[in-house]
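Think of it as A, B, C and D in the order they're written, each chain with its own count starting at 1.
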Amino acid sequence: MATSDPTVKTTQAVDETGSGTDRILQTRNLRKQFGGLTATDDVDFAVEAGELRCLIGPNGAGKSTFLNLITGVLEPTAGSIYYNGSDITDLESHKRVDRGISIKFQVPSLYQEFTVRQNVRIPLQRVASSSEYESRTREILQRCNLEGEIDTVASSLSHGQQQRLEIGMAMVLEPDLMLLDEPVAGLSVEESADIAELLTSINETDGVAFIVIEHDIDFVESIADRVTVLHQGGIFTEGTIEDVRADPDVKRIYLGEEH
Amino acid sequence: MSVKSSIGVLANRLREPFEGPNTIGNTNGFWIGFLLTVLLFAIYPILFGPYAALNPAQFLVFALLAVSLTFIWGFCGILSFGQVAFFGVAGYTFGIVTINIPTYTGATLGIIIAVAVATAFAAVIGYFMFYGGVRDVYVTILTLVVALVLHTFMEQTAGSQWTIGEAHLGGYNGMNVPQDLAVGFGETGVAFDGVAHYYVVLFTLVVTYLLLRAVVNSRFGYAMVATREDEARTEMFGYNTTFIKLAAFTVGGAIAGISGVLFVTWGAYINPSQFELVAATMPVIYASIGGRKSFAGTILAAVAIQYLELQLTGEWAFVIVGSLLVLIILTMPDGIAPRVRNLVLAVGEWRSNRDRSGQSPPAEEVSD
Amino acid sequence: MSEQRLSRRSVIAGSSVGLVSAAAGCIEEGGLLGGGGGSDGPIIGVLEDRSGEFALNGESKWQATLMAIEEINADGGVLGEEVEVYDPDPQSDNERYQELTREAINSEQVDALWAAYSSADREAIRPIVNDHDQLYFYTTQYEGGVCDETVFPVGATARQQLGAVIPWMIEEFGDEIYIINADYNFGNISQDWVRLLADEEGAEIVGSEEIPLGETDFASTINDIQAEDPDFIASMLVGSDHENFYDQRADNELDIPIGSSTTMAQGYEHERLDPPGLADIYVGVNYMPELETEASEEFTDKFYDEYPDAEYVNQEAQNNYFSVYLWKEAVEEAGTFDQDEVIAQLESGMEVDAPEGTIELDPATHHMTHHMRIGHSDEDHNITFDEEQYIEPSFLHEVGCDLTEESETTQYEPSDFYDGI
Amino acid sequence: MSTDTIPDAVYVVLRIFFEFTHSFGLLVLATVGLAVIFGMMGIINLAHGEFILIGAYGTTLSFHAGLPLPLAMVTGVAVTTVVGLILERTVIRHLYDRLLDSMVATFGLSLVIIQLTRILFGNTTNNVSLSMGSISYGPYSSGTYRILLAVIALVVLAVLYWVFTRTKFGLRARATMQDAETARAMGVNTDRMYMLTFGLGAALAGLTGALFTPAFTVDPEIGSEFLVESFVTVVVGGPSVLIGTSLGGALLGTIDAMFTWIGGSFLGEIMILIAAIIAIRIMPEGITGLLEDWRQKRREDE
């Protein structure tokens, strides 16, 4: 059990819900089981407003499951999720989005048959009037460096462009917390750098908090404020990237020498 | 020149709400074709006589039914075999109301109640399915089974205990509905019989067509199409996709209900065969052949196939129709409409290439 | 469809007065391009199923009608004119029936219409027929009760068929009856008649089941019958799915005799199914080709000469055949094809020499008085006839239908008039 | 033991049991061909009933041409398999990733097959009779052949189990259906697997047609007698061909027998449909899906 592991350093909560602090997200004893498999094991996890947190961990550590619990794609077996101090555990996905949580899935999931403009319209029409569409679309595309592709069909964008577009689309709703699942998987070094720049800019200019799942440690290093290591469904350790890098236990679990 | 261009501006204004990337056919050529087609249907009774319009009226009624499917299948990804259920329920309801209230009031109420019942029925079925997590092919099969339940049930309502007020449900033999399509109050009103009924059907179809085009190009339409493309993703933009599906399905049920009322007033008769597997399949076929993402394609396919069936009177009729279905599905997976559009685009491109290489002045494009 | 030139009136109107009045003119005329006329000579519509569910029953109806017309044409036609036939296949589909009926009436302008095997198809087209006051012959044996000014239901009614067979069965086998019937209008109304007849004869209904059309498994039905062990079964099963009952009956050695109005004479089960499934079935019919009278043998000989591959010539085929002749005589006596006058002529009371014998049309109800026989299939499926009566269409008289006095388009049901059903 | 001492209730229970076997045999045999094609390949074959039709006609025609009944049945199955394979190569092959299109195309095929049958062989056939008598108990009796069909249904399921779990073909076919790409990488000729699986589905439909030839009236509409039942059973059963078909057949067979006994054929018929609606709603993945959940919960508890 992760919680009984002496190496675990959980975030000390001010109170159960994290209200009255800068804490934007707080989970309490969050647990998800698939049949006999425990994918998320009594996790207490917190993110401060405006923080850029990375979530790492070996394959099967339960990272994606954890993200899906926060977005509401999955229902937890037990435990609670608090967002800005209020309980959102039983809230439907789309209502969580309205509260200010955005997600970008692991697999690129643009509307492949739509043009870039149409893609942007899907989130945009929820927050803007039709007279603003054009200017807002251009603004967003400018931010993710896609102005030239406004009428390109999504399926013919490059992989990096697709990732940037998705982040841009998530930004349209002006979230306070963005969840990204492996935003640079399969990208070239240059493309990764573009994404890192985009994320940092969003984080710094707009004050959006992030939870980013990523395997690429160099990428994590280039963006993360703090890093949380998940292992076997629980929080293994938490800290700055330097702390985590220096932790021999983390190396051990990545190499699979558990015992 | 200025008059011409202001007409052009006006025409563009008029077109605007009905256009967008979600519909096929947004060019001048398309709209001219649209107006010509409507005109052709409008003068059909004048050309061939009022009686000749009676069967085309039925073709258009079933085209409207197929349009209700195109709306939910082509634009929201819900393949329903149950459109005939809403169609039939509305038809029976209209009969029950008008047999009990055989006045203009009854006829008016009949239309309203029939469409309301069909809509409510669709909403209940939709709620039951979508909020219960039923998806994809299971939606298709569940809606089909709903139609079959109605079929089985209605077939055994021959007994006199199956009477609602004055209206006898009639079992397998069905229900005769003497009331014409009419609106009014008490003993005063307007009845639409014969060729007038044809024009009501045509008008309803054209209006529905335009409205639905406007809807699918509206915010809600984008949300529907986004749901069709990727439900999970759309949910993550804050859309309540479950509700979007329910709303689209309910609107589809309402349209099917309207077509049911037009059907029962056409033939003055309805029976349980409207709920049968074959009947349930026909809208799917019209939409598949015409193009499930194209209302115009669906309508034209519905009319063409029904016309063909009526003309083929020999024993080879089913063989020909069946083979055509297979052939079209194999050669044109998205139906005929996208093919036609691509062809038009290709021809347009070829012509503009030719023009560019030839002597055509480029200035013309500016005024367009 | 014959060609017809633009009428002079519409051309003049179109050029001088303007499009609107031209349009109005054309709508009355039958359109600028439409052939308004149909055939120049007499034409009849024959809508009988050759495919779909009822093809088995419809095929010989269609054949016998064509044969009658051919004979009549070979013999100089009607009023000296050759009769044409409009005969597309309605495919047992009731929307198609509606479409084709409209075509027949409006485009072909048929002088008389023969159409439909099933009651549902008849009911589907009756509103159209009524709309256009179309002379229409419905020839299938049916539940009865149609009292309609332009419709002539010339087949035997349930009352006529069951009135022949049920009292005879009670006399012969005893007074405990178990009823099984197809669960739709025809079947249920037939059940009502059996109950009424049983009541009249002092017999008892010990059980009954309404069986959905399309049911194929009769295990439960047979077990229920076995539990009651009645003297005979009154069966009004319909369609090829219900035929499975006969084999299952034989397998279960359910040797209780059956009185029926639906077997053999329409779907010739005794020829299609192997013995002994139909053993000891007694059916009330006005005609079966096994009838060994001179008129019947002449008819079947002609029929099989004309259609050597035909499988059977059923009761309805006979009805189509004689009703074409009935129409011919009415036209010739009226001296015109005008439908109102032909109907008036028919309502004057007519007689026709049918293969079943000479029969009369009842003017008040538009039904026929029929020679009702009891056809009996033995263990080897040989048919013999046990009794013959000449039965009037009495039910509609009792409810007061008199089409010579009052026009109506109603269908009456026995449950509206008798208590205890 | 004399009959007097057996209470009526025993006979009633026996009766319901035998009526259940009738229903079960019909449901399983009607379904199994469709289940293979739908469950394994994701093709909704609306011409399933017409494959049964071909099996029945093959049997009837060869029987009347002089073949003994068992051989005639084999001929029926063979003819259906060949037709199935030909249609797979010409039509179905192009529809593997197009579930909904496959419905329309197979509906077109069913129209063609029904009408061609009518044109070639007329509106009806001479029936094939097979008198096996009945089993009597108390006042009741049950047809032996229909009980035999239920036994054959179980045998068919057992053989299929063996084919899918013990033969090379079965393993390869399952691998192909689960992940065609991986299977291809492992050297499986997936195209051939698709063809053979469809052929197997067709053969099973043909077998159903052959077996029901002596029990049903064989005419061009015979397919429609099986289609609805088979769809409902597949949906209730879920994607696993064998467990789904057998449990779906058992559940619906029980519902049919019970409600028919309570309220007659109509009640039995409509309750099957209503059961299907409820089943889809509460277990969208069918019984097999539900079973999977149970199994996991069990594991969890341990």
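Methods note: a contact is a pair of C-beta atoms (placed from the backbone, for glycine too) under 8 Å apart; a residue touches a chain by one contact, two chains touch by 3 or more.
Computed from a prediction, not measured in an experiment: that's the story for all the values here.
Undergrad: Name, by label, each chain that touches both members of the pair chain C and chain D.
TA: In this structure, the chains that contact chain D and also chain C are B.
Undergrad: Return the chains common to the contact lists of chain B and chain C.
TA: Under the touch definition, chain B and chain C have D as mutual neighbours.
Undergrad: Which pair wins on C-beta contacts, B-D or A-B?
TA: It is B-D, judged by the count of C-beta pairs in contact.
Undergrad: Tell me, please, which chain's centre (mean of its C-alpha atoms) is farthest from the centre of chain A?
TA: Centre of mass proxy via C-alpha means gives C as farthest from chain A.
Undergrad: As a quick test, compute the distance in whole Å between the mean CA positions of chain B and chain D.
TA: Taking the average C-alpha coordinate of chain B and of chain D, the gap between them is 35 Å.
Undergrad: Quick one: report the Å distance separating chain A from chain B, using the average Cα coordinate of each chain.
TA: 43
Undergrad: Using mean C-alpha positions as chain centres, tell me how far chain A is from chain D in Å, no decimals.
TA: 49
Undergrad: Averaging over Cα atoms per chain, report the distance between chain A and chain C in Å.
TA: 74
Undergrad: Taking each residue of chain B in turn, which ones touch at least two of the other chains?
TA: 152, 156, 315, 317-318
Undergrad: So which stretches of chain C touch two or more other chains?
TA: Residues 51, 183, 210, 212.
Undergrad: Can you tell me which positions in chain B touch chain D when the two form their complex?
TA: Residues in contact with chain D: 79, 128-129, 132-135, 137-138, 140-142, 144-146, 148-149, 152-153, 156, 277, 281, 284-285, 288-289, 315-319, 321-326, 329-330, 333.
Undergrad: Note which residues of chain D are touching chain C in the complex, please.
TA: 15, 18-19, 22-23, 26, 115, 118, 122-129, 131-134, 139-146, 214-217, 219-221, 225, 257, 260-261, 264-266, 268-269
Undergrad: Looking at the complex, which residues from chain C come into contact with chain D?
TA: 51-53, 55-56, 59, 183, 209-212, 214-217, 219-223, 226-227, 229, 240-241, 243-244, 247-248, 250-254, 272-274, 277, 311
Undergrad: Help me check something: in the complex, which residues belonging to chain C touch chain B?
TA: Per the touch definition, chain C meets chain B at residues 22-23, 26-27, 29-34, 36, 50-51, 88-89, 91, 93-96, 98-100, 102-103, 105-107, 119-120, 123-124, 126-128, 131, 183-189, 210, 212-213, 413, 415-416.
Undergrad: Going by the contact rule at the top, pick out the chain D residues touching chain B in the complex.
TA: 44, 46, 91, 94-95, 98-101, 103-105, 107-112, 114-116, 118-119, 224, 227-228, 231-232, 235, 266, 269-270, 273-274, 276-277, 280-282, 284
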